[in-house]
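Note that chain A is present in both complexes that follow, paired respectively with chain B and with chain C.
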Partner chain A sequence: MLEQSPSPAVAPAGPPPATPVADAPKEKFVRPRSQRIGIGGWLAVVWLAIVLVSAVVIPMVIKDAAIPGAVSGQGILKVSGHPLGGDNAGNDMILQLAKGARSSLLVGLGAVLIGLFIGGSLGLIAGYFRGRIDTALSSFFNILLAIPQFVLAVALVSALANDSIGNNGIPVVVSAHRRLFVLIFALGIVAIPILARITRANTLQWAQREFVLAARAQGAKNRRIMVREVLPNVMPAMFSIALLGIAVAMVAEGGLSILGVGVHLPNVSWGSLISAGYPFLSTQPYLVFEPIVCLFLTVLSLNYLGDVVRARFDVRESAL
Partner chain B sequence: MRAVLRRLIQLVVVLLCVSFFSYALMALVPGDPVFAIAGFGGTPKQMAGIRHELHLDQPFLSQYWTWLSNFFHGNLGTIYSGPTGRSAVSSQIREALPVSLQLMTYAMILTILIAIPLGVLAAYRSGTWLDKTITAGAFGSIALPDFALAIILTYWVGVKLGWLPTSGYVHPTASLSGHIKSMILPSLSLAVGQIAGYMRLLRSDMIATLQEDYILMAKSKGIPTRRILWRHALRPSSLTLLTVAGLNIGALIGGTIVIETLFRIPGMGKLLYTAILGRQIPELQSIIAVIAIGYVLVNVLVDVFYSILDPRIRDARAIA
Partner chain C sequence: MRSFRRSRARRAEERFPDAPLDGPLLDVNEIRTYFKTERGLVRAVDGVSLTLERGKTLGVVGESGSGKSVLSRSIMGLLPSNVERRGSIRFEGREIGSADTETMRQYWGTQMSMVFQDPMTSLNPVMRVGNQITESLKYHLDVSSDYADETALALLTSVGIPEAERRMREYPHQLSGGMRQRVMIAIALACGPKLLFADEPTTALDVTVQAQILELLQAQQRERFMAVVLVTHDLGVVAGRADDTAVMYAGQIVEHARTRELFTHTSHPYTEALLKSIPKLAQPSHTRLEAISGRPPDLVNPPAGCKFAARCPYAQPRCLESEPPLDDTARPGHAFRCFFPVGTDAGRDALERNLTAGVTASGMRVGREGGQIATGSAVGV
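Let's look at the complex of A and B:
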C-alpha cells in the first residue's frame, strides 16, 4: 500500500490531475513520487521485454539445440555454447526456457484476455444497468467465486482434457495443443468473475458522473455511453488487475503442471519444466531452479507494474 | 432475523449450484465416461453394470438428484479399479480430509504468528529502513509461488542440510515429533505467501489507527508503547484480519492441493491427484464437491464471526 495524501474516501476515483489552467505560470508538470514508473518499473519492463522477445525469437532461430553426446543432463557452464546446461533428454535449457516462456505467456495472456473480454463486458453491463440485471449477473459471479479458484481450474481442466478410452477400447490421448487450449479456456473462466467484479465496481462509480448524464442528455444510446464514456475510465482498474491476473494464471498453470494436468509434451511451460525437473532436485537442481527464477522474476515484474498502474490512475483499493 | 433468513436461502442456493457444477463435470468429459472408468478389458456386461451403477442410463437431472441425495447420505461414490474392483470414496475422504485440515491449520497459525508482529512492527516504524525491508520482503514473497518456495525449502533444508524430511506424513499419534517435523516445510511453504497479504493490510490499517486521538490519549497517560500497540491499536484491526483470512482461504485451499502433491502428504490434494491420474470421475466429483462446500461453509463462518466482532454488522444487510 503506497502512502498517498489522504483524500476523501467518498469521492469516486478521480481522473488523473488536470493540466494547469492556461494563464497560470508555466510550470513543468511533475508527477508525484508515488506515480512515477521509477527504476523498478523500468527494470520490470525490460525483463518482460526480454522474456517476450526470447519467447518469440529463440525457438524460431534455434530449431534443434541438442547437446552433442549428452545422455544425462549437463550442468550449468559445463558445456560451451550451453551456458544454462541441458535437461536429461539433452535439450539445451535456454531453448527449453524460451519455449516455456511461450506457453506460460500464452496461457497467462490468453486466460486474462478471455476474462477481460467476457468478464469486462458482463461487469460493465451489470454496473451500468444495475437493478435486476446486476442482481442476476452478480449472483452468477458469486457462484463462480464460491469454488476456490484453483480447484475450479483443476476440475475444468481434468474434465475437459481427460485422456479417455474410446468406444473401441483404444485410448484417446488429448493432443498437446488441445490441452493448451483447454488450459487457457479453463483459467479464462476462472478469471471472468474476478475481472467482472472489479469492472462492475468501477462502472457503478463512473456511471453516476455528470458527463455520463450530459451524454445521455445529448441523446447518446446506452451502448455508446458504455463504450465511449464509461469504459475508458474503467480501463485503468481493469488493466491493473489484468496485469496481476496474467501472473496469477501463469502460477496457476505451474500448480496444474505439478498435478499433471498442465501443459504436456511436446509443449513445455515453466510450470511443466519445474514439474519435470523436480524428481532430479538432489542431483540436478538447476533443472528446477532456472524455470523458478524465470517465473519469479516475471510474476514480480507483473505485480510491480500492476501497482504502478494502480498508483498512477488512482485506482481505489476499496473497489477491489 | 430477516437478514439471517436471507443469508440461509442464499447459502442453500449457492450450495445447490456448487454441487450441480461438481456433478455436471461428468457431462463435460469428452467420450463415454464408462470406458474411461472401466479401462481395458471390461466386457459389455460389466460396462452396462457400471453404467447402471452410475445411473448414466437415466435422464441427466434425475442422475443429479440421485447423486445429490447419495452425497448427503454420506455415499460419496465408488472408486473403480479396472472393470471389477470397487472401493468407497467416502472412506478415502474420511482419511484425507483431517490431514489437509491439519496442514491448513498449521499454515494459518504460522501465518498469524509471523504476520501480526511483522505488520505491527512495520506500522510502528513506518517509513524507516526496517519498514521498507519488511514491505519489500512481503512484495517479493507474494511473487514467489508456494510450490516454488516448497521446492527451494526442500532443496536447502531437506536435501542440502538434511534437517527435515522432504516427503511423507507421520500421524500425530504415531510420533508427535515426527509429525511436527513432517509438517514444518509444507506449512511454511503455504504460510509465506499468505503472510505478505495479512502483513500488508495490517500495516496500512495500523498506520491509520496509530493516528487516532485515543492512541495519543493512551500515550499521554504514559501507557507503555508495547501495551498501546498490542492492546489498543491492534484490536480495531481484527476485522481487517478476518477479512483477509476470508479472502485468503481459497488460495490456501488451492495451495494445499499442490503442496500435498509435492510433499506426498495423503490429504485431499493427493487424493485429487490420484483421482485425476486414474480418471476416477465419480471420485473427482465428490472431492471437488466436498472442497467447494467446505469453502462455502467457511465463508459463512467468517460472516458469523464478523457479526460477533462488530455488532453493527448484525443488523446491516448481509455481507457480500
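Let's look at the complex of A and C:
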C-alpha cells in the first residue's frame, strides 16, 4: 500500500535517490560537476584561510619587526629573516601586509555586513509585501545606487573623519578607529542597495511559491514567513553576492587610500601600502607588488567562491 | 516570553469558546470574488452559496478556470490583494466574510486548513520535514519542542509514512511525490482543523498513488470528524467519497445535489458532458473520448444568458437570452441551472431539435456519430 520507491512521474531527474529500505547502505550522493567546489575553489579557500590566519596571528606574534639599519631609498629585499623585505621606515613587509589584511578584511566584511543587514532586510520587506512598499523601497535603492560610490565615500570621510585644523590653529588628527568606522559606514551605504536588490528579486520569486501560501494557510504571520520560509531560500543568493561585495569593498578602500582618504595611520591597508610604495616603484617595486598580489589573489578567491556558492545552491542547477 | 506565549494561547481559547454543535459548520451565502485586472473585473466566483455540516464532505468539481480553487481560497480568505470579495461566510455561526487577515489568522491552521495541489512546491525545500510540521504546532498550541516532535512523529506515522523517525530529519527533495503529499496532509492536520480544503490533492500525483492519498484523507476525516471540501476536476474522485457534490462552471454552481443523486439523475448538460468525458472500462477499445468542445467563457465579459450555452448541445434561443436560476423545485435537494435539463422531456426535445437542425441556438454544430452525440469540430469528421 505504501509506495516503497519514488514513483517515476515525480522522481527528481538528477542523481538517483536512495531507495528507502531500512538496512540498505546509504547511497553515496554524487554532486553534478557544476556543483563541486573543485581545485580552484579549494585553492581559494586555502588562500583566504592563510590571509585570515595571518591577519589575526602575525600582528600578535611579531610586535616589533623593525629592520635595523634600514635606510630610505635602499632596496632591502634580501635581509635574512625578512623574506619579503621591509618598507622605507624599516618595517618588515610581512607584518605590514598582515596588518594591511586586517584593515582590508575589516573594511570589506564590515561594509558587506552593513549591506547584508540593512539591505537584506529592506529587500526582503520590499519583495515580500510588494505594492507600494516595494515601489517606495525600490526608489530608495535606486537613489542610493545613483550616488557615485567614490564621491560619497570621499565626501563622508572628509566630512566626518579627516584631519583638520582646529579653531586655535592646532591641527586635529582624527583617530584611526574613527576613520575606519566612517570608511566601513561609507562603503556599507554603497553595499546596501546592491544587496537589497538581489534580496528583493529573489524574495519576489520565492514568496510566490506555494509553500509560502501553505504556511499562511497554517496561520503563520508575515514576519515568521519572511524569516523562516523565504529568507533561508534567499540566503545563498545573498551570500554569493556578499562574497563579491567583500572583494569590491576591499578594492574600493584601496582606491580611497590612493586618494588619501583610506585608512588612517597607524592602521595600514593593502591599498595604503600600495599608495605608500608607489613613489618607489622604480627602485623598490616589491613595495607595490606585494600588496597588489595579496589584493589580487584575495579578490580572485572571493569572486571564485561567490560563483561556487551560487552554483552549489542554485536550485535550477541542482536538478531537483 | 514564556508568559507572553501562554497568554496568547489563552486568548485563542477565549476567541473560540465551544461553538454550538448544531447548525452547519460552514454556511456560504452569495459569495463573489472578483479579480481586478487591466482588462477589467474577472468574475472568478460569481454568487456561490453552499452549506457544509460537520464531518461531511463536499465535492467541488469543474474544469480549469471554473473558479473552484478560487472558491476554496475565498472561503479561507487566502486571496491576493488585487481581489474584491463580497458575500457572507459563516463558520460555526460566526461571520468571517469580511474578516481581515489578522482575524483570519486565528482560524488558519486550527479551525480550517488546506492541502495544496502540488506537493513538489508546497513544502519548503530548505526546511526539514519534521520542522515543517512542528512549526505550527509550537506556534498555535504552545507546546514544548519535545511534545511537538512526538506529535509530528505520530502524525507522520498516521499518514502512512514508513520510518517516520528518519523521514522527520529529511528534506522534501528526499521524498517521493506521494510521500510529500502525505507530509502536506500531516501539516494540514497538525493543529486539528474542523474544516479541511483539499485543493486538487491528487492532480499532481502518479495515478497509482492517487487512490491511496484519497483513502488517507477519508480515513483521517472519519477519525477526526472533520469536514472536507474536496476540490477536483475529476468526477471520479468525488464519486463514492463526497456526501454532496457541487459542479462549478464559469464561477457559478450549475448543479448541486447529494453525490448519488447527482450521478443517477444528472440534470445539467455540463455535468453530463463531464461524466461522458470520463473513459469507461465497459466501452470497446478505440471509442472516441467525448471531449467538451470549446472553452470556458470569458470571465471579464460573461455571456448574457446561460454561461454554458455556447458549448451545450441542448442550447435553445431562450438559453442565450436569460440566465436560468439555480433551482431545486423540480427535484427537492437537487439544484441546477438549466431550462432544458437532461433526462426530462424538455431536454430531450431541445436536443432533438438541435440534432435535426444540425446546429444549436449558439451556432455550435451538433450531430449524431455512431451512437454518440458529436459537437463542434468533431461533427462530420
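The definition used in the following text is that the second predicted complex is superposed on the first by the 278 of 320 C-alpha atoms of A that agree within 3 Å, B and C clash if a C-alpha of one lies under 4 Å from a C-alpha of the other, contacts with A are read in each partner's own complex, and residues count from 1 in each chain.
The rule we apply is simple: contacts are C-beta pairs under 8 Å (C-beta built on N, C-alpha and C of every residue); 3 or more make two chains touch, one makes a residue touch a chain.
Bear in mind the structure is a predicted one, so any value in this text is a computation, not a measurement.
Contacts of A:Q149 after superposition: chain B is touched, whereas chain C is not reached.
Looking at the shared chain after the overlay, A:G131 reaches chain C, while chain B stays out of its contact range. By the touch criterion defined above, A:I58 reaches neither chain B nor chain C.
Contacts of A:R228 after superposition: chain C is touched, whereas chain B is not reached. In the superposed model, A:A111 makes contact with neither chain B nor chain C.
In the superposition on chain A, the chain among chain B and chain C reaching more residues of chain A is B.
Of the two partner chains placed by the overlay, neither chain B nor chain C lies in contact with A:V190. Of the two partner chains placed by superposition, A:I246 touches none, neither chain B nor chain C. By the document's definition of touching, of the two partners only chain B reaches A:G260; chain C does not.
Of the two partner chains placed around the shared chain by superposition, neither chain B nor chain C is touched by A:A44. Within chain A, the residues touching chain B in one complex and chain C in the other are 1, 3. On chain C, the positions that touch chain A within their shared complex are 76, 78, 81, 105-110, 113-114, 116-118, 120-127, 135-136, 139-140, 160-163, 173-179, 184, 187-188, 190-191, 204-206, 208-209, 212.
Within the complex, the chain A residues that touch chain C are 1-3, 5-12, 17-18, 20, 22, 131, 209-211, 213-221, 224, 228-229, 232-233, 315, 320. Those residues of chain B that touch chain A in the complex are listed here as 13-14, 17-18, 21-22, 25-26, 28-33, 35-36, 39-40, 139-140, 142-145, 147-148, 151-152, 154-155, 159, 200-201, 203-204, 207, 249-251, 253-255, 257-258, 261-262, 269, 272-273, 276-277, 279, 281, 284, 288, 291-292, 295-296, 299, 320. Interface residues of chain A facing chain B in the complex, by the touch rule stated above, are 1, 3, 139, 142-143, 146-151, 154-156, 158-160, 162-167, 169, 172, 247, 251-252, 254-255, 258-261, 274, 278, 281-282, 285, 288-289, 292, 295-296, 299-300, 303-304.
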